[in-house]
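Structures incoming, each one as structure tokens.
Two complexes are shown next, each including chain A; its partner changes from chain B in the first to chain C in the second.
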Partner chain A sequence: MGSLFRSEEMALCQLFLQSEAAYACVSELGELGLVQFRDLNPDVNAFQRKFVNEVRRCDEMERKLRYLEKEIKKDGIPMLDTGESPEAPQPREMIDLEATFEKLENELREVNQNAEALKRNFLELTELKHILRKTQVFFDESVPTVYKSSAPSHSSNKYRRLLQMADNQNEDEQAQLLGEEAVRASQPGQNLKLGFVAGVILRERLPPFERMLWRACRGNVFLRQAMIETPLEDPTNGDQVHKSVFIIFFQGDQLKTRVKKICEGFRATLYPCPEAPADRREMAMGVMTRIEDLNTVLGQTQDHRHRVLVAAAKNLKNWFVKVRKIKAIYHTLNLFNLDVTQKCLIAECWVPLLDFETIQLALRRGTERSGSSVPPILNRMQTFENPPTYNRTNKFTKAFQALIDAYGVASYREMNPAPYTIITFPFLFAVMFGDLGHGAIMALFGLWMIRKEKGLAAQKTDNEIWNIFFGGRYIIFLMGVFSMYTGLIYNDIFSKSLNIFGSHWQMSYNKSTVMENKYLQLSPKEDYEGTPYPFGMDPIWQVAGSNKIIFHNAYKMKISIIFGVIHMVFGVVMSWHNHTYFRNRISMIYEFIPQLVFLLLLFFYMVLLMFIKWIKFAATNPKPYSEACAPSILITFIDMVLFNKPKEPVKDCEVYMFFGQHFVQVLFVLLALCCIPIMLLAKPMLIMQARKLANVQPIAGASSDAETGGVSNGGPHGGGGPHEEEEEMSEIFIHQSIHTIEYVLGSVSHTASYLRLWALSLAHAQLAEVLWTMVLSIGLKQEGWFGGVILTCVFAFWAILTVGILVLMEGLSAFLHTLRLHWVEFQSKFYKGQGYAFQPFSFDAIIENGSAATEVE
Partner chain B sequence: MKICGPKLSLCGLIISVWGIVQLVLMGLFFYINSVALIEDLPLGEEYHTLEEFYAAANRAYNQNAYNCWIAACIYVLTLLLSAQQFYMNSRVTAN
Partner chain C sequence: MEVFFTILFFTAIWAAVGLGGPSLVSKEHQQDLVRCIFLLTAVCCWLFWLCCYLAQLNPLIGPKLTQDTVRLIAKAWNHPITEG
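Moving on to the complex of A and B:
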């Protein structure tokens, strides 16, 4: 049997590697990706392993690379991704790499630090510039208003005076201007000194700041503020922040300290602001020149940073790959055992037998590269352990294998259902999704993904839904194509029929009958040509509004049961392949045969009855076989199983469809019932007998030895061989009874379960029809020429609903039902799914996972 | 000039192509008086003579056929619009 039908044959191997050659050999194996290493020191924790230092160094390098990556992304520099994967570098190259990364990181950090300091400086200067400019405005506007003011408001008067005072800090004048209020407020003789502080504060902090000032100083300070229109850059994190300039006037030292405290508390930055206008102007000039200088320096720093990052971006992906490879190699080397002499490393690994040669070659390449003279030794070991399951896949079978593995990874060398699924999965899906139009949409979508495969695969995204669709592109395409086929069979395209070959029915009623009757029936005897429509449903059913569904139901229900029974019989036959492969004679005779007989005699017989009914009864036949005499298959089947006496037939009809049907039916049911105890008891009884024999006669004859061997699943392939021997007798009985009950009840319920094919297909057809009549018909039924415009809008709406509801949602539901039919109804007949997957040590997978992980971060 | 984003223009493109294909075909089927589409005609409940019914049905068939083609023509316009928008969008991302 080819590897498509079963998993690969695996062997447990021991690998002796010379210490010097180990690195190169493991690197070659990683490129190959066909070897699964086992951990030989499971009880040694991660910090006590041999190459823990190297792994730690790799971690450090990776951290540095991630830092670089972050900085590169921050600056929006494109990273060169050639998609090629450089070989794992030699261990000595690691030092070079480390030095390079160290240098880069330090340089970058230094540049960043400098840039930050410069930016802070710049920010301070800009803030100072704004303060100077804004306070100038305060001072400027205060001067004229004082002279003009004759405002009645007491308080505003006071403010203006205060402002003026701040402007010309002449103490005498102050006293004069403050006038009676100030003199009254202060103790006579005390020196009045009005000061001010100017600063910058975050705009959102301003209202609480103002309130706090007012409350803490009891309204004795005066605050003016002005917004800085342009947002400023925060040097620490680069955010844009809005700030405001404020200036506070107060009187006396106590208030000054209080105001300063409050400013500190609100993280306002205070700047010295000279009092004389001339000084301020001079200062402003100075600030401007310094800002100019800083700008040039900042520009140069940015340029330098950009140059460093662009240079790093060219190599970054490459470096990532290299570092991850080194790390993976040392990680793998940590799994190995050290020889006593410390001269060589011992590894254990699972290897597919077919690839033995390629692996040997890779090992030889590795030795040559490392310059070692002693070749590595790859040695097969005998083992009772269950090997991992490895199914070779390509891009087409991968998705189907994934569907199977999602249920459970196959036991080692068990029949793999995936190849059959490639046909049955899209087909059963299509039975439920049968519509030419919807199928075409789906197939086109799948086809587009397949045609653009390379381009789409290159642009990796984190969009999970898209990844699912893209991963299943071949399934989607096949499902679409099969749906188009079943759509033609059902003669449904967006719920309308195509009349390609011309209906094989005609009207034989005359004009007056048609005019006078609301409902008319076409008799299959007179109005039917006698030969069926060449392909699929006759389009006449499209206009049969009242019994179209009834006709379709009868057809689709029978079709579902027929497909279901065939599918299940196929599943049981698959179990025969398993039994022969594992040399399990007892299961084959006492499980497989009764199972098959049970299924064939009851359910396949029902399928045969359907065909007999279709063939024997026709409207054109004389009485016992005319359409009126056709029995109901379901009733016949129920009567058969319950041994009921069938109801009296209508006049001139017969109860049974063929001679001896009653006898055959009774015989079949009895035989099927006989199969149940065989399934239930035969296998455990035989095992018990064999064990007893073995106990009584320790030195048994050759024949009985073979028998026990057969019982215990023996042979080299029997993975569970020694295990079953230890199983308690009672457990075997319980196991077997559960299995039997499951099978017998399952055959009934699984057969009924296949009716979902009919149910979903009915639902799909009806939903499509409802959508047409409720939406698109509105657009079509418009009278007059304006209808075209309305139709345009209605059509777009209908199209969106068609894709959203019928293709996406119905498609998803049909997909899930198909999946269930495969997992439960089909695979329960033969598939154990108790294996574990083969996870080879492969650089490709590691790098793929690594980049995915960092992207999530 | 850019009006719609890349996704909307793509959606418009797909619906336009679909609309053109389906509406031209449906127009054709209406034009040849396809029986399957009779339920989508703007017809009255009752007609007294057969000739009256035939005349009304023929008129409705033709009307619907033209309406479908008109809608298809409108979709040609939206197709051009979406294609232009799509082109603009793709050029913006390419730069």
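Moving on to the complex of A and C:
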């Protein structure tokens, strides 16, 4: 296994495959997932490639499978997912697969068509049934309703006639309706025939329909409607729709056509409804029997469909995998070149050097499988191209590598910050998030995800937020664990302290003093035991409401700077590893050394001052090392850099902390300032000089140092051939000056930037405290049984706020700040991030990404 | 003296974690990565503890307590307030 510290060494290889063996070999390589193929015919468009037909066939198969999948999902049949990945089938099996899918699709389509026709039939019959039933009611009801509602204003003939009908009819009025009709029609002046149509319409269309009828027929029609209570199934899309039955009475043919047109316009289905009640009854009987028949047929059709789908569901995932693999293989084969004799395919690929043997083994397996006699040839090629960056990660390091790659993929063989990030990231996060309680919540959440890893990974979801959390489970766990540790040191657990070892502060005040003073400050001289609380903050500070923040600020600001400076020095040291690896002596001497000196002499010196101040100044010491004489580090540092004359100290105190400090400081600043021109000029000057020399006496073979070319190009494995186009001299100067200015100004601003560690940790502690005093303490102060009830509610509220705001939101904010500290403050010291990622041809990745990946390619 | 031994004790603990930790992990894993992880953990945690310890070693100010707190502490932490 290669290490994570640098990306893998890669080699560009040429691969000769015999035509017959190519498919099997590529299939083996796909299972392996260690080879990145290059497109050898970039100018050939996708439709002119050799295996475009096969790819198209695969597309077609995929479409059929998707259709099957859709149908299976529609029926809610569970799909069997064993999670295993079958090998890519032989090319000849493709025809079998195609035939199977074709058959299945046709069968399914036929069944669906039949089912749809049957359903349509069924729907019509059901509607008719409802019409018959409801119209029966209309005819039954019409008499009394009309009778009651016949107001004088309704003077149309129809109403009058219905009224008269009602007068005459006592039994079997339907039978007489038409007879009556005929009788009336024959009367003089009343020669209009009363007709009616019955039909079914969507319920939501009914009001406009009614309005339209009224307007178009000028109120000369009579509409009755009744809802069909049970929703009906729309045969085309299977939706449940609500419909209503209506019946319209009108006079004359003109109105009839008009009414029919309107019905058509509103997509109402009209059904013939016999006028005679006996006919209607007979028809109803007929409809009922037909519905029953249809029901059995429909059931059988559904059963058949279900059987087909269940059978397909068993294999569907498997088929998908197979088809995607075939498609991926042909896609890859399309990238290859055909040699002149058409006997063999030529491929170019990037291969990790360490896996050379494995790949050759896979190729041999492929050849054997295809039964070809000619072994494939894998040839290493010389190249000046930049190889891809490949970091071999496992499930633990993957997320950390992703954090780095999000900033920029490392240049080839550059130092990879990921292994250090594994610890520094959660740690710096924890400095901001330090709280034992909140850390424990986070760590438990992370631990739960890690423990349930397999199960959770198996149930793939599209929930992006969950996927982010799950992907970063190890980060979350480590962040939680480190937060618990820093929480212990800060002695914060939900903003309260633990008193494990017993406070190292005593009280020497007597009763009268305590009673007389509202505030009492303990004296560091008398009340302090002389040795600090052994692990973390003394719990006394937690209860010192009025000056706790002052003490904490002084402490937290100092640790922010201490850790920041060390983090940056670490980053600069990383650049040393890069320079030595790339044999870049010029950068090493004229960049790395001045950078390091600059940082150490100014900022690390400040860190040292902090430690000196902690150790040398004490309340118990006599002047000039007593508490009153302790100087401010920040003021000292500013005076040092600006060569200011320090202010006169208080009586008996001294300006400086140790002998010769003034001299040391002046020396340090001068040395640090000297580093700036070296960083700025030395490297470009030397390059210029080297080029001049090279021009004067052209020696065969470029000089071994990388003076003449780009810094990262001349790696020891990159081959020392002719360099790419030389950069312009002016550009080198500009680059260098930008780089220098960035570094010098950066080291100031970056140091200040680490103060965010203090700021966020202060904010976190204060928020937690506010939440405690403003919310939970209200509940804790209640008394009696009622207090218990209130406490329960208040606790729930407090817990929700704690998780929601303090753990989630504060956690997110601290995460982002940590990310910034790594990307900007740490990585800017050594990391270029100008590489491109290694994307091996791998079935796993292709199947993981589903169809999307193959379609994009 | 107590200070010296405390520092020595915690330094020893973290040194043990940093140097001895990798041997707890089975050798199959990437050894140098494991070593790096343990070493960094130990250094970070040790330095963090040390800073906190040194910051309190010679306090320049004392905690300012309210009267109630003083009385509560006297009771709870068993520091009886002297009469007088």
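Quick note on the criterion: the second predicted complex is superposed on the first by the 771 of 857 C-alpha atoms of A that agree within 3 Å, B and C clash if a C-alpha of one lies under 4 Å from a C-alpha of the other, contacts with A are read in each partner's own complex, and residues count from 1 in each chain.
We adopt the following convention: contacts are C-beta pairs under 8 Å (C-beta built on N, C-alpha and C of every residue); 3 or more make two chains touch, one makes a residue touch a chain.
These numbers were taken from a predicted model, which means no experiment stands behind them.
Residue contacts after overlaying the shared chain place A:759 against neither chain B nor chain C.
With both structures placed on the common chain, the touch criterion links A:800 to chain B but leaves chain C unconnected. Of the two partner chains placed by superposition, A:226 touches none, neither chain B nor chain C. Between chain B and chain C, C touches the greater number of residues of chain A.
Using the contact criterion defined above for the overlaid structures, shared-chain residue A:511 touches chain B and also reaches chain C.
Legend: residue contacts after superposition of the two complexes on their common chain; A:422 is shown touching chain C, with no touch to chain B.
Shared-chain residue A:531: touches chain C; no touch with chain B.
Within the superposed three-chain model, A:782 lies in touch with chain B and out of touch with chain C [touch as defined at top].
Once the two complexes are laid over each other on the shared chain, residue contacts for A:773 go to chain B alone; chain C is not touched.
Contact with chain B, but none with chain C, is seen for A:792 once the two complexes are overlaid on the shared chain.
Overlaid on A, the two complexes show chain B and chain C touching the same residues of chain A, namely 499, 511, 515, 543. Across the complex, chain B is touched by residues 496-497, 499, 511, 515, 539, 542-543, 773, 776-777, 779-785, 787-789, 791-792, 795-796, 799-800 of chain A.
Every residue of chain C that touches chain A in the complex is listed here, in rising order: 2-3, 6, 10, 30, 32-33, 36-37, 40-41, 44-45, 47-49, 51-67, 69-74, 77, 79, 81-84. Those residues of chain A that touch chain C in the complex are listed here as 1, 3-5, 397, 419-420, 422-424, 427, 431, 485-486, 489-490, 499, 502-503, 505-512, 514-515, 517-524, 527-528, 531-538, 540-541, 543-548, 550-551, 554-555, 558-559, 562-563, 566, 611, 614-615, 617-621, 627, 630. For chain B in complex with chain A, the residues that touch the partner chain are 15, 18-19, 22-23, 34-42, 50, 63-64, 66-71, 73-75, 78.
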